[in-house]
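Next, two complexes with subunit A in common: one pairs it with subunit B, the other with subunit C.
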Partner chain A sequence: MCADARERPRGAHGRAPDVFRRGGWVPMREYDDRDAVDFAIVGTGAGGATLACRLAELGFRVVAFDAGAWWRPLEEFASDEEHQAKLYWTDDRLCDGADPVRLGSNNSGKAVGGSTVHFAMVSLRFRPEWFKARSQLGYGADWPLDWREMWRYYARVERALRIAGPVRYPWGPHRGRYPYRAHELNEAALVLARGAEALGIRWTPTPLATLSAPRGPAHPCVYRGFCVSGCATNAKQSALVTWIPRALAAGAEIRDLAMVGRVAVDGADRATGVEYLREGRWRFQRARNVVVAGYAVETPRLLLLSATGRHPQGLANSSGLLGRYFTVHANQAVWGTMDDEIRSYKGPPSLAITEHWNYADEGKDFFGGYCYMSQGPLPVVWAVTQGGRGLWGKPLRAEMQKYNHQAGLKIVGETLPQADNRVTLADTKDAYGLPVARVTHAYCDNDRRLIAHSMDFMSRALAAAGARDLWRETDDTCHMAGTARMGDDPHCSVVDADCRSWDIRNLWICDGSVFPTVGGVNPSLTIQALALRTADRIAALAGRGEL
Partner chain B sequence: MGTHSGHGRLGAGVTAGVAGLALAAWLSGRRAARGTASTEPVRAARACHRSSALLAGSVLADSAMEHERGAYANPAMYVPPLMAALVLLAGAHGGGDARPQRHRVRHAVYGGAMATGVAGTGFHLYNILKRPGRWSWHNLFHAAPLGAPMALLLAGGLGLAAERVRHGRTRVPRLLGRPAGQALGLLVGAGLLGTTGEAALLHFRGAFQHRAMVLPVSLPPLAAAALLHAAVAPPTRRPLARWLLRLVRLLGWLGMAFHTRGIARRQGGWRNWSQNLFAGPPLPAPPSFSALAVAGLAALRLREKRA
Partner chain C sequence: MSADTRYRGYDVLDKRDTPSWDAVTRAVIDERLTAADHLPQVATGAAWRVLRALCTCIVPQPADRPAVPLAALLDRRLAANRGDGFRDARLPPLREAWRIGLDALDAESRHGHGRGFADLDDEARIDLLHRVQHGACADPAWRGMPPALFFSHRVLPDLLSAYYAHPQAWSEIGFGGPANPRGYVRMVANRRDPWEPVEARPGEEARAYRENRRVR
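Right, the complex of A and B next:
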């Protein structure tokens, strides 16, 4: 066992951890700080790692930075929820607004691989109409992209991650077959299925980024159930075990424990590189292009922190929209007690899903959609949830006794983008000496109507499946987006369809912040599809000498 | 399975299954008859007994393990492994029996096995249809395997065929009103296609993640086609069918080797055998192809003797 991954960088001295072999290493190419690499990428999650991999494979010289540690999943991921909080981004942030979000566990990660190291692996495509939500469905904003093109990139991501999904997906236009077959359902998933069938709507095994058959050195899923605490078997197809090893093999350098604090820009509005803190020293990496992939809070924060005399409101912010339209997913749940033992924590937490209310437009008193999935909370999360209901002492103990009989349904619900939900800089500073992000969030009436609709419907479904003593978890959110939205018009967006800044043409943004709307599905597949598209567009532009 | 006794019972079950399969394998490989030279019908009958025994060995190990995984939730789940064990014993007895007469106890065992196979198919169908999703890919993959009880039906059928063939009062043995070689060829050909269907379903579930996984869905149908052709066409020598069946016989054992490796590729590999024997590819399944190939070769021999 090596020293703590958080003490000293592991990607150094020409080698990097081999995540597939205990104590193993793989060679890694290294670049000098003074060497102007083709791309400096900030962040190695779903966006950054995917882009780093593809750009390196396309022949570009790439260095990617991550503030987090480079973990070895086979050796360092314990079956211990508290310990595994080491994967979360828990640096100081201020959260305010009428409905402040809770940051940390289910919406950010601090590790090589980003939050994909502890994501729930749910890999869904957007409904085609969502890419034109404003013109076709009457709310939000249009994406500057065509769904058919995204459909092709979705298929590529699904192949790259060997997504395990149903043979036929019940909603939306035809999609090719998922590379791997769906996982066996646990009891919690069967509760969702019975409820859906009783109410006459369709359901399906959830397409998941965890292996249902071997893949090279990675084992198939063993249904350990600690997915959102980090997968210790490498079945989870996180960026850490998919894009990152490919990126290394293609000649990219990944710098762990490297916190980027500023993107430097010259007088000609060209980015020149990034300032980053590693091993206690601020350094500067020169680069011909800079990609920011820090997700919806850290991306705008970094660009705001990089303000200069020519860009006093932060980089890429001539529209004034950087940090605005911070959008989350509503994540409310209905829980109940079943007569039979459910043991919902066995296997991946969300094995069954219905997207009925993403695709049905009748019978709604709100814009947008939601899906809901079966749930498998681990004991500490479950106890904390009970605490959130105000249970303590004897009542809490009594409720925890029922843990093995609990079943729940939880939405990923679309909220509407609102300009006043935003990320700004606060006065307080973090451990790096940088001002922390202030995240301001409130639901709008439409969001509340969607949430109410979903909870009523899920209550009926859960009761129809045989649950009793139903209760509602009303205050959770998940995923984030929107703070550097893409668009056709430089006045109404931060980046263009290629995720390229309108203001600083060699600055790119590659993460969920570019989403103009969030849809009612988990974003990781869309982020990775966008990253693949961005890589192809960069190669095309480079071929024409337009970088 | 976590309990001590559970682990012990599991170990005993697996040991019994593997021992049964080993015995069956040994029997299927035994060629020479004890002592006297026997007639071709008796020779063919004994091959069918061995084939039936090998298939039953596969069913014994597979059903004992899979029903253990299902915690023998229904007492009826004890019947298939018991029946398979009896068929295995009957096959061992019949394989060494040079008398040109049927044996009443063996005959009854084979009939019982066939009935169990039919009933098992019904149980498994019910298991599939009672789940949410009913008749769906997902339930075909993960509910009780629809094709598995058919193997017991087939093992009983091969045993019954052996009894009939050896009991022939005419010089040319007959089965179901047809020349025995033809009837047996049709039975084995259909069995090979059915077994291919099950392998196809399960290898599709495994997403054909390894190239070798296409072998059992490509080679056996070719052998089945050649055998069916040999069964219905005028009797003559069929070297192609013979070689294809020999390859299928080899494929069964090769499949077991691949499945051994497949188990090693699960988390913990063979050190974690008590989990991975169940979660990994089914070790006893592939030799059922070998079993059918043995019977198919016997059918070819009968057919070449104009039976």
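Right, the complex of A and C next:
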């Protein structure tokens, strides 16, 4: 095996790992710290990698930083839940509030490619009305964007990632067929289908960012089931194997093991570059523009850490909203035991979905929506889920014996943005000597009504599919958003529709932090669509001399 | 393999040298199997005895096979200081939480029974742990750490995740395990690939055992 990717940087000396060939390298352009590049991008996940790729392809000089390692999936991704925790952001963070969230494995990545390296690949579009949730549906906030424009960017991302999905998607405006055929369904997915049909609602194979047919050197998914531990075959269309190689080919530099600790600004409120720690030394990269793409905890943390005398409350924070409106997805589930052997560890974990309650507004006593999907937990996650119900000792062992017979339905449920759910800085410091993030979260009554509705409905669906001994997993969350919300009023938002800071005009934010509302779907497709749009807007502004 | 499994005869390690395991997976699991020889580094002395007793309560193991060295697996994690990426603000960091928690378990036991946790019988240990789980204890040895939170956020997730990361646990519950590059093929109900275990239906235990011995 090669030397540990966490020991020394791999993106160096004019080359970078070729993720498609064992031991292979590809050439990489490099920039000097003193050379003011067009864009310094902090983070290489769904937002940062996509933007780095497109900006480089549009001719800009780009350096992107990631605090994590540059892995070679074919050689270094074990089929093992515990070992693969190396992909997660496991630096300390404090969680409090009435309903503290859990971070780490389920929502944070620390690797080139970010959390797309271990995401569940679920690639969904927003319901069009969600972009105007306040004016059309009566809750949350409006996005400063038009859904028709986003629809075109969604299609571009779906083509770029060869999303495998159905010929006809059952909900929302026409979207055409997905580039690659839908995956075969496993039994856990068929349980969802039977429940949905018994209750008279529609379901579909989930649009997934994993190959159902070959693509270049990558073969189709072999259904090994370790998707959320990292894909060892490159079937998963993570940023690591899609946008990053394209970015390199277009002349971007990616710096792995490079932790950015501060964005610098001058007296004229212009960003001048980033301070970053690499190989034990703090360095400074000059840049004409800075993009922060660290996701909804690390993005506000970095901007708060970058406070100056002129910006005592952190950069881009004249509205006072930076770090506020931290919004998650509710991620509750109903589980049961089937007479059949289900063996849900085979295949991607969420092969079937219903978005019925995202698109139906009748019969709800809450704002917002939810989808629910079939599940495929591996043993460690499954055992910890049992622990979450308080099981241990003999009852736990007895329950674990039913592993191959369990089936479950789990929501991605919209919670409402609340100003008091927020990211702030704690007194504790991390290994870099920087204050860690404190994440404060509580559900509101509307969230609790949505969760109760979903659990009641999923219980009926699971029972109709033949499950016995139903029980509810009540406290999980997933995904994060909202802490640098976009808007069309500088007093009520952190960035404008182009994801550009109102206060510091050459500072941009490109990740889920900019979402004013979260909808009831996984965010990665929307983050990537926004990144493509931001790249196009930057090119247009540059063409007019307005950068 | 023990009597409390439906998958007698199945050993996921029999697939180590088949197309279901790649080199990196073999290396990672080989390393995990050396935990049996681990000497405690963080939970040492009295804490080690408490931890071992706690492990037998949280995941009781059958006597007819070698035990998964659960206490050693946890101590290795503590030695490496492998955190989760978050902690409830009411809890101290990983190692400190375990140090306080193990010490407090022992103190609760001495307070209630006049002897240490490791010297209690199973029933008394389990009673005490139920009280911890429900927050019904208040020895000063907890030093402000909420006992119920320690139990729900450290004891259960840390021990259960360590135990079910061990191949022996995979064999017990009939998990097919690592599958790269071969993957899985038969996805629908009641079908299995020849490299997956057979579940023993009532009356068919002997046949299932024979087939499980051949699973590769």
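Methods note: the second predicted complex is superposed on the first by the 547 of 547 C-alpha atoms of A that agree within 3 Å, B and C clash if a C-alpha of one lies under 4 Å from a C-alpha of the other, contacts with A are read in each partner's own complex, and residues count from 1 in each chain.
Here is the rule we go by: a residue touches a chain if its C-beta (ideal position, glycine included) is under 8 Å from a C-beta of that chain, and two chains touch if they have at least 3 such contacts.
Nothing here was measured: the structure is a model prediction, and the numbers come from that model.
When the shared chain is aligned, subunit B and subunit C each come close enough to touch A:L185. Contacts of A:V222 after superposition: both subunit B and subunit C are touched. Contacts of A:G390 after superposition on the shared chain: subunit C is touched, whereas subunit B is not.
Shared-chain residue A:S513: touches no atom of subunit B or subunit C.
Once the two complexes are overlaid on the shared chain, A:T233 sits against subunit B and subunit C alike.
By the touch criterion stated above, A:V167 is placed in contact with subunit B alone, subunit C being left untouched.
Among subunit B and subunit C, the chain that touches a larger number of residues in subunit A is C. In the superposition on chain A, A:T483 makes contact with neither subunit B nor subunit C. In the superposition on chain A, no contact is made by A:S306 with either subunit B or subunit C.
Of the two partner chains placed around the shared chain by superposition, subunit C is the only one that A:V380 touches, whereas subunit B remains out of contact. In the superposition on chain A, the residues of subunit A contacting both subunit B and subunit C are 184-185, 190, 222, 233. Interface of subunit A with subunit B (complex): residues 162, 166-168, 179-182, 184-185, 190, 193-194, 196-197, 203, 205, 212-215, 219-220, 222, 233, 235. Within the complex formed with subunit A, the subunit C residues making contact are 4-6, 21-25, 27-29, 32, 57-60, 82-90, 93, 126, 129, 133, 152, 155-157, 160-165, 169-170, 172-190, 192, 196, 199. Those residues of subunit B whose C-beta lies close enough to touch subunit A in the complex are 131-133, 137-138, 141-142, 204-207, 209-210, 262, 265-267, 275, 279. Taken in their complex, subunit A has these residues touching subunit C: 1, 75-83, 85, 88-96, 100-105, 108, 184-187, 190, 221-226, 232-233, 338, 340-343, 345-347, 378-380, 382-384, 386-388, 390, 392-394, 396-397, 400-401, 403-404, 438-439.
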